[in-house]
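Scrolling down, you'll hit the structures one after another.
What follows is subunit A paired twice: with subunit B in the first complex and subunit C in the second.
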Partner chain A sequence: MTEVPALSVQGLSVGYTVKGVLQHVLKDVSFTIGRGEAFGLVGESGCGKSTAAYAVLRYLARNGSVEGGEIRIDGRDVYQLDAAALRALRREKVAVVYQDPGRALNPSIRIGDQLAEVFELLGVPAADRAQRSIGMLEKVRIKNAAVVARSYPHQLSGGMQQRVAIAMALASSPTLLILDEPTTGLDATVEAEVLDLIQALRREFDASILFISHNLAIVTRMCDRVGVLYSGRLVEEGPTRDLFAAPCHPYTTELLRCLPRPGMDKATAPLATIPGTLPEPGSVMQGCVFAARCRLADDRCRAEDPPPEGTAPRMVRCHHTDRLAELETEAEAPVHVRKAAGAAALELRKVAKTFGHGDQKVRALREVSLTLNKGETLGLVGESGSGKTTLARAMLGLIAPDAGGEVVLDGQVLHPDLKRRSLDQVKALQIVFQNPDSALNRSHSIARIIGRSMTRLLGLRGAARGEKVKSLLASVRLADRFLDAVPKQLSGGLKQRVAIARAFAGDPKVVICDEPTSALDVSVQAAILNLLVEMQAQQDVSYVFISHDLEVVRYVSDRIAVLYMGELLEVGPAAEVFAGPQHPYTRTLLAASSGEAPGITGAGGPQAQGCIFHALCPARIDGRCETERPAEKMVTPDHMIRCHLEAEALRA
Partner chain B sequence: MTDIAAQSRASAPRGLARRLLTRPSFLIGSIVVLFWVVCALFWPVLVPYDPFYTDLMVPLKPPSATHWFGTDQLGRDVFSRVLAGARDILTVAPLATLLSTVVGTTLGLIMGYAGGLVDEVLSRIVDAVLALPVVIVALLALTSIGASMWTLLLVIGFSFSPIIARTVRASVLAERQLDYVAAARLRRENHLYTMFVEILPNVLGPVMVEMTIRLGYAIFTVATLSFIGFGIQPPSPDWGLSISTNYGLIGGGYWWTVLFDGLAIATLVVGVNLVADSIQGALND
Partner chain C sequence: MLVFAGARLLPGDVGRAMLGPFADPAAVATLNHQLGTDRPLLVQYVDWIGDFVTGDLGQSYSYRAPVAQFLWPALLNSAKLALVAFCMVVPLGILGGVMGALYRDRAIDRILSVTGMVATVVPEFVSGLVLLLIFAVWLHWFPLSATAPADAGVLTQFYHLILPSIPLVLILFGYIARMTRTGMIEALDADYTRTAILKGLPRATVIRRHVLRNALLPTISVISTQTVYLIGGLVVIEILFRYQGIGSLIYTAANKKDFPILQAGIMSIGVLFTIMTILADLLYAALNPRIRFGGDG
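Entry: the complex of A and B
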């Protein structure tokens, strides 16, 4: 007896018509999802994973068309259904949760009423809808569901909104649940909670899941089987654990090696990278899609598209699965990492920042004191709203901290207003922004962007400037031919190289890297991290490295600072912060990212007094933590923790 | 969806020109506008008769092989006058539009970039000016200063600038949030450089659209003011002026003295608007 799979996709090809030309985005993709199974589709940007989700729903953009293949949900061919049957299918069988719940929920309708709409479509009598809605909210572990039902979406946090979106998706008890990057916009601890919820509900509702993500760790955690997409091709498929433990396709193999692994740091070895860039979506290719970047590729790969091979449940499209061992090259020698000298490059003394005025005051930073040593990388971690970016902007002088706080560079107190700082002080502090699309002026050429910084900061002009621009571009591994290009002609990784070059244009002493790789794909991230490490070794600069990705922070950082709601809870050597003793919040954060149950529920609020973390702290000392702000405690000479617990308790 | 977004990458200025040329409405619009521009520049060699030559022997002749569009009360050739009539309106309207664009863009840049009190005060002034009907303001200014090409130009230029200022301000507000502006501060650029070299090139798209739309309105306003006698002055063969002097004759069946001037205004305005719509569409592609 063969049971009908929840979703079966056979030979799916999808194209978009752009400016009258059909561009293929998915080509001959096949996979099936059995009943109650969770299937992950992973890939970097532009590989076609979202297109696959929309094609399954028959909801492609207007210029999209299915060029071939067949999609069956619950045994019914989606593209043979008439309008009424398609509506019924979307109403009863499939549900989708999108990346951004803020945009998926209607901002002007109360949560309860939005949920009731789903029940209305399902034909539930009007009298029962409100009750069913509240019941559904309770199922997604929302406490005081009645209150939430009366709220509007903007009154809820991102994690709460995503729970509501999940409740709406599950309200019809769908056969197939499509999750399109459901946690990408959420913080680590919230992400962990939402993923746990999805796991639990999956058993409760017995739904099959199509899980789309670029995050390999999350897919490993959530899915039974996984398919790897590259440039519109499913290059490899198999049970999640087997596939990631022993990948068969060179792309999967190389991609996994790009990720910083626990225990690695910049002094051990540079990260592995994949040469070349992701192909443009829709670009026409002969042979294997990965051939241009594959180290095993030969003439056959460039001419002949490899057919699917391997025995079920594994599938791989590669001519050279037997030669994978050749990819195991020796790790390159690490760049010579200079030992951080003891002298302080930058010092923050009680830097606080309050936004708003009157009753609307928001304390974004609470008296943060920190030291950045010469030649060192200080990792700054914390969730969104923790004040990381505010702290960075205060250091740079883009915003003035509250009176009483001081930023000290090389022993000199910096004026809070950037305009009143000396040229040398301005030169010394530069930044690499998160998003190069926003950071680079889109109407200026690369030569102009970097050259202007040199003119303003170093006073260079003419030929001398041209020479220095070229040598700087060479040191960030950008070819001369990009000099006259404008940013949009460059890929994301190349743009970030330009942004790094600009930060280094004035020979800075401290460079703040604000999430420099979070807008980039995994295969590009590794190269950018290597470049930053290399630049540091050459130029003897100090970094403040802001990131939400703990593995990345661990790889590049000498010391790590943990920020929570504007309060600095812990600063110490990277290894110690990861191994302990740790602040209870740090522990929560680490647990969330490694996939363990985070053990905090509900939301904290900015308390006027006491420890900032007391409401959510699993180790709270009742009576003390909510009233008394803990002092900075040095657990080792170089490791500060702001907590009432004894050092022994923090180690446990 | 990321896939599609990534594909619209190649949209450099050169790409814009190519996209415009594939739009039929842009081609039709620009052919019409180009026709009138050629008339305005080269009418002396194009006209069959001197548009100013009065021949009292042939007044009010209907269209014929000798006078294609007929003759007016003073026996002047209407066809020649319609071609020559493009000259003044196509001098005043574009110059007035250019003036309003320069003033409006500068104002909008200052409002959006400075923000705070400066923006607040300037915005209220802009709102107040916008509340006044252009024709009334123009009448007031032209009667007090006296009607001439220059006053016409200044009046239309300044009355149109608040609208452009508002459009530019909205675009600048979005640009100012971007990190490249912070990056400019971090190399100590002054405000003028940041506004005009960093931000301005990125808001030129909306400025261009607004400018072409305003050009259509400016043509219409010049024609209107000429019609009521406060615009271009006789003996110019200007269209609005011609309609004004001849419309009393329609009742007598002398329709050709008015119809062709009216059609000229209509085609020019429609042509400009077709171009404006195509630019807007191409920018949004």
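Entry: the complex of A and C
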């Protein structure tokens, strides 16, 4: 190979100095990205993948330093450049798309001006810059580019902001494009759109890509080759499809097993988890980085660091690549999942919600009627703005639905205002939030957080309360030593366990889980999902499970409800919703998330009449769908679809 | 209302204070009656507030002349002094904060923050006296009094006001510098600054275009609230430098129990403060697109 690779990283070691002590974050990491190639760097939070990306850009935190190795972009050694040459490199050769586009764009400068800056740097005459900027916005498929150029970042949605960021990155036609978790935090459909866009533009601009992500599915879809980072060490590398089809390293193997796969559900098997946690950054390590959590580890692994092995294009650092098969044989027996009883735990009767007034009315929910049976999990899916959260808030009594709507718990109509509900009703209906950080009082100890809920909901005090707190923490698998800890001392997964314990403090009948694992790593997500399934089996609780990750929803749910712009389009058994018959919207949503089809481009405006989805529906019946709201149609006794199409057509 | 109550709660009685300790009790009572100060407080209050909102500031007890006659010149004088102090401290404070942030944790940052802190805690009567001794009494660089001769031009007036404004500058410098530094550091560490640097922009452009504007937003609100301190400091400074401003007017009025002047003086400061705050909010809104458009962020 004579051509110069777009990026070559050789033996990179990076450390951060914390309180005077150097902690190694990356150890001897090597990889190259060829021209036009997309390379993915995956790993869980804290593994050093972002550090690697910023080391490439020579932009480390103030206390970070490169301890060894060499980085070349387009053949030039990044760390040998003087300030002017480094600026030139950043200007022309390499560009970045960041994780949080809302914060990566300057809040007080108009989009067009921020974009024009790139052209200014490239020496484009002032007169042409605005036009070029608008052209760039059009390239990232922003429709009214001129309007967007005059906007400020906060006036755009997250997906739009990310398009702008992509436009800004590609404006200089860089050799290397670094994407740092570019779709984390975006909705499933928006995510699909952004990924499609990146793929299309990649062909057009012919840039090499370094793709940083914790999401294995996205990396599989986007990258030619992938490297797996664990605790600062590149443990495995290879062509994406080969590597994920036949991983060679125990960590990769275990990580893939943590993901719910199509066809799996909570009744067949619990998700695999990886015992233990990532080693503390900076802890002195001997031997293989994964040895402490590896089920194949022996004395040799703990003493001797495995060297890179394997024939190109594969690379793996493991002493026991021949014993991987042993990992597969140890699947656990499933928790005994109780059959959901027929009785309704929670019932929504024509719950609607209109925000605003006069001409500014926004219908967030349109007469949603749903039943949640005892011991059942109802998955709630839909894009942001579909009304999922509004529905959850209405159930909890945080917002009052429009007149005529009722929330019925165990046969009793609940008061629309939480404050006017009885203690028993409050106890019976609890929630687990996406972000445990903001849901837990940061200055209280764990014992106090749980204890307070117990006092309030069960009237327990003193020793009785202490006992109950302990047994509850034990049931969410939290050791006693965490009783006196405060939330910030716990990892994300442990905090979510505390939040779950808090929700279960009053022996609830229904728990609403609002994206409970979206902020967590894959292996932690598996553990939390298993915990939720277990709690359900023990306590006969019902869940409303809200998530944008459809595989996760499919795994935990008995039935699934699909919301679009406040309209309930479909509700039925999980397997049927995924396999069909299904609503055209459901099909679009599933295709978007699996990457088989482009996402839904453009938003359908609020439809005054007709089917809510008609503007974007691929199977629209002209003349009917625009004018007539479809009735609820039962395709099987337990499966409702709101569509004009015949059952056979929905099956296709 | 607080102003009114505060003023009336001062010990002593008006007639006694005006006529001196040896005056005939009957004369004191007559005077009190003439001034209306023997009426119930509530009646006096209603009377006063009614006049105040209609623009009638009343008559001074001690000078037997309309309050407005004293108030406006005093306000104008104080405004000049405050303006000089303001014009010195704002650029200095911002510069100090920016330097501190750019050279974070280095010597210059440490020196600036320690100096700012020390200057803030030294009361203005101490720093004022010291400055007066050194620069006016010993070195004769500046005049002793802040009051310029009656026919003086703008420059001379300004020259007279430099020394008195320095204690005020010292007090405020620390606050403004510290706020600017915090805002700057926040903006320097922000993701959008990272974006700007990694675009390949020169450092100076990054600071000028991307950092400063976002960094100065919080500083603006601080400057507006700290202006109150400036006004509070005026009392001491004006007496020390024998300057006929609102501060010395209030001080004299309080000593003489001249309630109309006292109340009018304090109320006018209150009104000024409110106006300053509104102006700062408007400026803040003008610089912050999120507020300007009423967006939801």
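Just so we're on the same page, the second predicted complex is superposed on the first by the 624 of 652 C-alpha atoms of A that agree within 3 Å, B and C clash if a C-alpha of one lies under 4 Å from a C-alpha of the other, contacts with A are read in each partner's own complex, and residues count from 1 in each chain.
The criterion applied here is as follows: contacts are C-beta pairs under 8 Å (C-beta built on N, C-alpha and C of every residue); 3 or more make two chains touch, one makes a residue touch a chain.
The shown structure was predicted, so the numbers you read here are calculated from the model rather than taken from an experiment.
By the touch criterion stated above, A:V96 is placed in contact with subunit C alone, subunit B being left untouched.
In the superposition on chain A, contact of A:F578 is made with neither subunit B nor subunit C. Of the two partner chains placed around the shared chain by superposition, subunit C is the only one that A:L57 touches, whereas subunit B remains out of contact. By the touch criterion stated above, A:F290 is placed in contact with neither subunit B nor subunit C.
Touch criterion met: A:L121 reaches subunit C, while subunit B stays clear of it. In the superposed model, A:L396 makes contact with subunit B only, not with subunit C.
Of the two partner chains placed by superposition, only subunit C is touched by A:A104; subunit B is not. In the superposed model, A:K419 makes contact with subunit B only, not with subunit C. For subunit A, the partner with contacts to more residues, out of subunit B and subunit C, is B. Across the interface of their complex, subunit A is touched by residues 1-4, 6-12, 178-180, 182-183, 185-189, 198, 201-202 of subunit B.
Contact residues on subunit C toward subunit A in their complex (touch as defined above): 190-192, 194-202, 209-210, 213-214, 287-290, 293, 295-297. Across the complex, subunit A meets subunit C through its residues 57, 59, 87-92, 94-96, 98, 100, 103-109, 117-118, 121, 152, 154-155, 165, 168.
Looking at the complex, you find that subunit A touches subunit B at residues 16, 18, 23, 25, 45-46, 48, 50-51, 54, 61, 63, 280-282, 393, 396, 398, 418-419, 423, 426, 429-431, 433-435, 438-444, 452-453, 456-457, 486, 488-489, 502, 506.
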